[in-house]
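Chains here go by letter, A, B, C, D and E, matching the order in which they are written, and residues are numbered from 1 within each.
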Amino acid sequence: MTPRGAAPWLRFSVALLLVGMFAALAWVLLGLPPRSAGLQPQVAAQMAVSGVDHPVTAVLLNFRGYDTLLEMAVLLLACLGVWSLSPAVPPTDETPGAMLAALPRQLVPLMVLMAGYLLWRGATGPGGAFQAGAVLGAAGVLLLLTGWRLPVRWQGWRLRLLLIAGVGMFVLVALAVVPASGVLLGYPLPVAGTLILLIEALAGLSIGVTLMALFLGGEPGASR
Amino acid sequence: MAIATLLGWALDGLLMLVLLWLAWRVLACKGLFRAVVLFIAFGLVLSLVWVRLDAPDVALAEAAIGAGLTGALLLSTLARLDALDAKQDEDASS
Amino acid sequence: MSVAVLYAVTGLGLFSLGLYALIVRAHLLRKILALNIMGSGVFLVLTALARRAPDGPPDPVPHAMVITGIVVAVAATALALVLLRRVVETTGQPRLPDPDSE
Amino acid sequence: MAAEHVSLLPVLLIFLPLIGALLSFVFRRRAAGLGIATAVAVFVIAIALAFSLTRPQRYPVGGWGAPLGIDLVVDGLSLIMLLMSATVGLGVSLYAGGYFHARPQLARAFWPLWLGLWTALNGLFLAADIFNLYVTLELLGLSAVALAALGGSAAALGGAMRYLLVSLLGSLLYLLGVALLYHAFGSVDIALLGERASAQPVTLAALVLMTVGLILKTALFPFHFWLPPAHASASSPVSALLSALVVKASFYILLRLWLEIFEPLNPGRGVTELLGLLGALAVLWGSLQALRQTRLKLLIAYSTVAQLGYLFLGFPLAAAVGPAAWQAVIYLALSHALAKAALFMAAGNIVLFGGHDRIADLDRVVQRLPLSLAAFAIAGISLMGLPPSGGFIGKWLLLEAAIEAGQWWWVVIILIGGMLAAAYLFKVIGFAFTRAPVSHEANAVPPVMEWTALVLAVGTVLLGLWVSPLLAWLATGNPFGVGP
Amino acid sequence: MNHWYDWVPLMLLGSSLLPGLVIFALPERSVRLRTVLNLSGAVVKLLLVGWILRHIYFDYAVLFETRLTLIPQLDLALRIDPLAMLFVTLSSVLWLLTTIYAIGYLEGAPHRSRFFGFFSLCVTATVGVALAANLFTFLLFYELLTLSTYPLVVHRGSDKARRAGQSYLIYTIVGGVLLLLGTVWLYTLTGSLEFTPRGFVADLEQRHHPALILIFILLIAGLGVKAALVPLHGWLPQAMVAAAPVSALLHAVAVVKAGAFGIVRVVYEVFGVQFAASLGVAVPLAIVAAITIIYGSIRALYQDDLKRRLAFSTVSQVSYIVIGVALAGPVAAIGGIVHLVHQGLMKITLFFCAGNLAETLGIHKISEMSGVGRRMPWTMAAFTIGAFGMIGLPPVAGFISKWYLSLGAIEAGQDWVIGVLVISSLLNAAYFLPVLYTAWFGTPPERWPQARDFGRRETARALLFPTLVTGASALLVGILAATPFSPLAWAKLIIEREFY
């Protein structure tokens, strides 16, 4: 933020200030009680009614599901912002080397399988929508790097539908359960697990597509 | 038992130092490309730290999104910036 | 002086380093890297202090917060990088225009 | 408290704009129609909520309750903020309908981003959970930056870039504060934190971090440098949004945290006096800079910096006089939102019609747009704090609080600020009365744009007359506590 | 707002506000509709005033009051009482005449919809100032008066007009800020701002008295800007650059009178005359007024431009009202309050004549007026009546107010005030009689600067008729002072209420 090539005395004073801040905050941290369980007991107590077995997924999609919904909206809006700024600029598409061309044929199906596994495993262990989405996104980036382009048929509203699938489904489920449980995002116990899986599946898919769109750095097919 | 905790401490100490050193190098080294590559390494070491802190979910997310995707975005932006510089130099010279 | 608090202090270190670079470095890509490192620093503080749970599994709530934070961070970085590219395309140099040169 | 009938209105206020954003993103050709329909619906719901709210309502999302789940809370303060964003939002939506009619390329991006921003605003005013506030703050920041960069000009992009960096820095400082508070007191719910927080070093550290982060995003005096370029170079409906609503969201969070967590620990007069001093400097610096500007939209942007300064005078005055000071500050914020939105819209019409926004040779343009000029003048009257306007009532209440507190230096600042505002606004209004030859027939301004500006300006006059119901609404569940 | 009487004050306001708003929207070319709207608004207001006067004169107890609570203890209130009705009657009569005059004067001028729109807003604000039942409502309409008169001052659009407008703004906005500060401070001390006869601050404890003195100074300074007290009068001569109807409206009807009326309200119904005297602020106010009287007359001597001379004469004449109020005696108060009406009638006549001369013969300077009496006898006759009134010669209204002011001075034991009155009368004579002499006995030049021919009549009917009416009324008010319906009788009724 300061102009180019800040003057040396400015650098020194900023450094001094930041060291002071660091020291004060470190001292505060050391002052915290060494042993504290945080909300772990409460989460463990409610695990039975959360519809999943893994605490982090339970917190992410059930206890603090509203946060996750908004956070997926953040990702979607960032993609929107990127699209509003510039048309898609595909990576330099001179034909990829032999090794790079061969790589996606082996890796992409494996990564898709991996994403599916992570999604499924999210209910019982570390995994879930975001990790699956990230792996899908990585597969997409790999394809884009090796010259694959989104077919034109998929660049119109279908792509946009895919992008909003995650948030859209979350909103749909959040409102649909209100008559049943009387409160927003209150999954009725018997179907809680399946609902969470449904949301995670679509969320994973749309996060993967969004990350791929972000890598493109603009709106595919838009003219500037 | 003492050796295991000792080893654990050593590993944690090493990870912390490497983390801080990588962060400093990312922010202070000369070339931008070098900074981005070091940043990807920083992301991977950070995933290790998450594993040490018993946070597997975060480790996965960090590795895939933090190091992987952010790295890819940074590299592609860097490539486009260099392409822009090349075009500007060529405009300037022509 | 458990390991958790030490990691948290490292997180603070990352935060301070990032803030220093954000203020001092002029190149916008460097500033974006600095912001990412500051974000990782805060996430480290959040997750490290979650490890202070006596025994058994750590507190899952900070983990969920950090995952949300990481996704938000990648969204912000993507937007920042495209904005950076557009700034360089229009103004020709990857730096912020001087504040008083309206 | 979750048992009795919990009305769904607050939830609708968040989900309607979100659904509107999703639909307007997919169905691009009908984006404007969807956007305006959503705006009307949200406005109606906000009014319905206002009339139906008797006691503060706590809405447990997912049914889990405070420490584990996230709650939404509606009390007087959040209600007035929701009404503010609903009114200005409806006005800006109608204005944008006309503004982007001729620019379909930009309209496709404007509507989903704007409705996403509106979701973030309503979510932020209803949130009772500081991490949830972080996510809404981030959603607000990113969509605001994308909107600010919509113009695509070099100045807009530069301004948006600096705005993004400052916004992200502010959010990270805030997040560090959240981390400290969570790990010290085991919850991120504001009400629980209010009970559990005690005066320890960690609370003070969290207070400092969060306050610095939030005043960065509110562009208070030393950190105001990013606001004028970003707000002035954005397209006019976006500038109206940024100045009227977005900047006030982070102030609202600071106020909420201060009232419920930090003030009960009375952290000493140093903090309140410092914030008051920065506010006073903002008023003086912003007004003097506005006086110096030669371009219309920059003048209005610096006027925002000045008017925000008044809001921070509330801290030292409330410490001395209690809730009356906060009522004045919120009333000032409400009337500033309407007045500033009308001002930017009128300026937008003038720039659109005349093709430039140099104040010096503005007179030919201004006399061809009587409605926009009337809107500019009426909104200007509210900013100056002259009766009959909401700004006058706010200034009166603030003066009353300052005199009762016996802190005369704030009285002087308030009065000088009013006079400086009169100076830089009449500098522009004065051009309406020159004998300039009638100008060429440039691109005409769609009537809906002039009428929305005028309606919002008349709204500030109504705020000056229809005061007691608003103050009654503001007092539901006395958000500002009982006072010292 | 239950009884239909409560709507009467609002109807008074609406009768000029509604036509004004409609006129704003009228396109420039619909002249006839605008004239009809203007005149109908003025006539309706006059009829309403007549009805209220008849009503109030017989059963004084009836209360017309409109009240809207804004902040819990603070409400926007309009109330009809004798003091308010005096000012409302004056302004509605003169508004009708000035409208007729302005329609004639601005024949074919540009931006007339804008002019008449702000013209009506200005009168609405004046009526609001008169009817205000508490200091808060007074402040609201006082500031609205500034906002509605600024466009009138700069209406011409010339650089000189805009500079005059700028100085007008600076003075009035600073004045408004002082008044606002005084009002808020008073409100924090007393908790209510309702005007009550004989004031409502007397019972505050002793320790508040220094604060009350400061508040008095703030209020009088804020009002003094519009009442053109000496150090704050700078804007008034500069505002002369505006068109004649505007200067007539500003100086005889609206702005200056609002300031003087405000001082009357503050001294009588906020502080109460006795308490003000006991605070020791009454005499300094009298001194400031005296200085203004003398200073205004002296500056008027040196002005060659006719309207600037009349402007400085206004500066001194308004302070007669202030000195009447400041002398803290019932008789002086009658003189001061009745002068509010008399000065209005006389000064508007003089300005109408100045307008006639400028519009018909293009005369702006007194040096150009030699022999104009022969060319425009009727206008100069009205001018002469006005001039005699200003000097204080018996039959015309001015004599009555000076007579009561002198009696009041003796009764209040402030004999030096009589000296001031005598000196000022001599000065008035010094700057008015030469004008009369050159007009009647000078030799007319062969060709007037821009002579416009109106056939048999000396000038347009719309310009001449209002001038003669105001001239005649200035004379009649003087002669029929003793009758029950004269302003003098009305002033006595008001003072009765204030003092006993």
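Note that contacts are C-beta pairs under 8 Å (C-beta built on N, C-alpha and C of every residue); 3 or more make two chains touch, one makes a residue touch a chain.
The chain lineup, named per UniProt: A = Multisubunit sodium/proton antiporter MrpB subunit; B = Putative MnhB-related membrane protein; C = Multisubunit sodium/proton antiporter MrpC subunit; D = Multisubunit sodium/proton antiporter MrpD subunit; E = Multicomponent Na+:H+ antiporter subunit D.
What you see is a predicted model; the values in this text were computed from it and never measured.
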Study note, to complete from the structure: By label, the chains that touch chain A as well as chain C are B, D
Review point. Going only through chains that touch each other, what is the minimum step count from chain A to chain B?
Key: 1
Revision key, fill the gap. Those chains that touch chain D and also touch chain B are A, C
Revision key, fill the gap. Note, CA centroid farthest from chain E's centroid sits on chain B
Review point. If you tally the C-beta contacts for C-D and for B-C, which one comes out higher?
Key: B-C
**Study point:** Chain whose averaged C-alpha position falls nearest the assembly-wide average
**Key:** D
Check your understanding: How many angstrom lie between the CA centroids of chain A and chain E, rounded to a whole number?
Key -> 73
Point to revise | Intercentroid distance (Cα basis), chain D paired with chain A, Å | key: 30
Check your understanding: What is the distance in Å between the mean C-alpha positions of chain B and chain E?
Key -> 79
**Study point:** Geometric centre distance via CA averages, chain E-chain D, whole Å
**Key:** 43
Exercise for review: Would you please write down the residue numbers of chain C that are in contact with two or more other chains?
Suggested key: 13, 15, 19-20, 22, 45, 49-50, 52, 57-58, 61-63, 65, 67-68, 70-72, 74-76, 78-79, 81-86, 96, 99
Point to revise | Multi-partner residues of chain E (each touching 2 or more other chains) | key: none
Check your understanding: Can you list the chain A residues in contact with two or more other chains?
Key -> 1, 25, 32, 36, 38-39, 43, 56, 63-64, 67, 71, 74, 77-78, 81, 85, 89, 130, 211, 214, 217
Review point. Name the touching chain pairs, would you?
Key: A-B, A-C, A-D, B-C, C-D, D-E
Exercise for review: Can you check the complex and tell me which residues of chain C touch chain D?
Suggested key: 15, 19, 22, 28, 31, 35, 38-39, 42, 45-46, 49-50, 52, 61-62, 65, 68-69, 72, 75-76, 79-80, 83-84, 86-87, 90-91, 96-97, 99, 102
**Study point:** Interface residues, chain A side, partner chain D - complex
**Key:** 1, 24-25, 27-28, 31-32, 36, 38-39, 42-43, 46, 62-67, 70-71, 73-74, 76-78, 80-81, 83-85, 157, 160-161, 163-164, 167-168, 171, 174-175, 178, 181-187
Check your understanding: Any idea which chain E residues touch chain D in the complex?
Key -> 68-72, 76, 139-140, 143-144, 146-147, 151, 154-158, 161-162, 165-166, 169, 173-174, 176-177, 180-181, 184-185, 187-188
Revision key, fill the gap. Touching chain C in the complex, chain A uses residues 1-6, 10-11, 14-15, 18-19, 21-22, 25-26, 29-30, 32-40, 43-44, 55-56, 58-60, 63-64, 67-68, 71-72, 74-75, 77-79, 81-82, 85-86, 89, 130, 207, 211, 214, 217-218
Revision key, fill the gap. Residue positions on chain D within touch of chain A in the complex are 2, 6, 8, 11, 15, 18-19, 21-22, 25-28, 59-64, 67-70, 106, 108-109, 112-113, 116, 119-120, 123, 131-132, 135-136, 138-139, 142-143, 145-146, 149-150, 152, 162, 165-166, 176, 180, 182-184, 186-187, 200-202, 205, 225
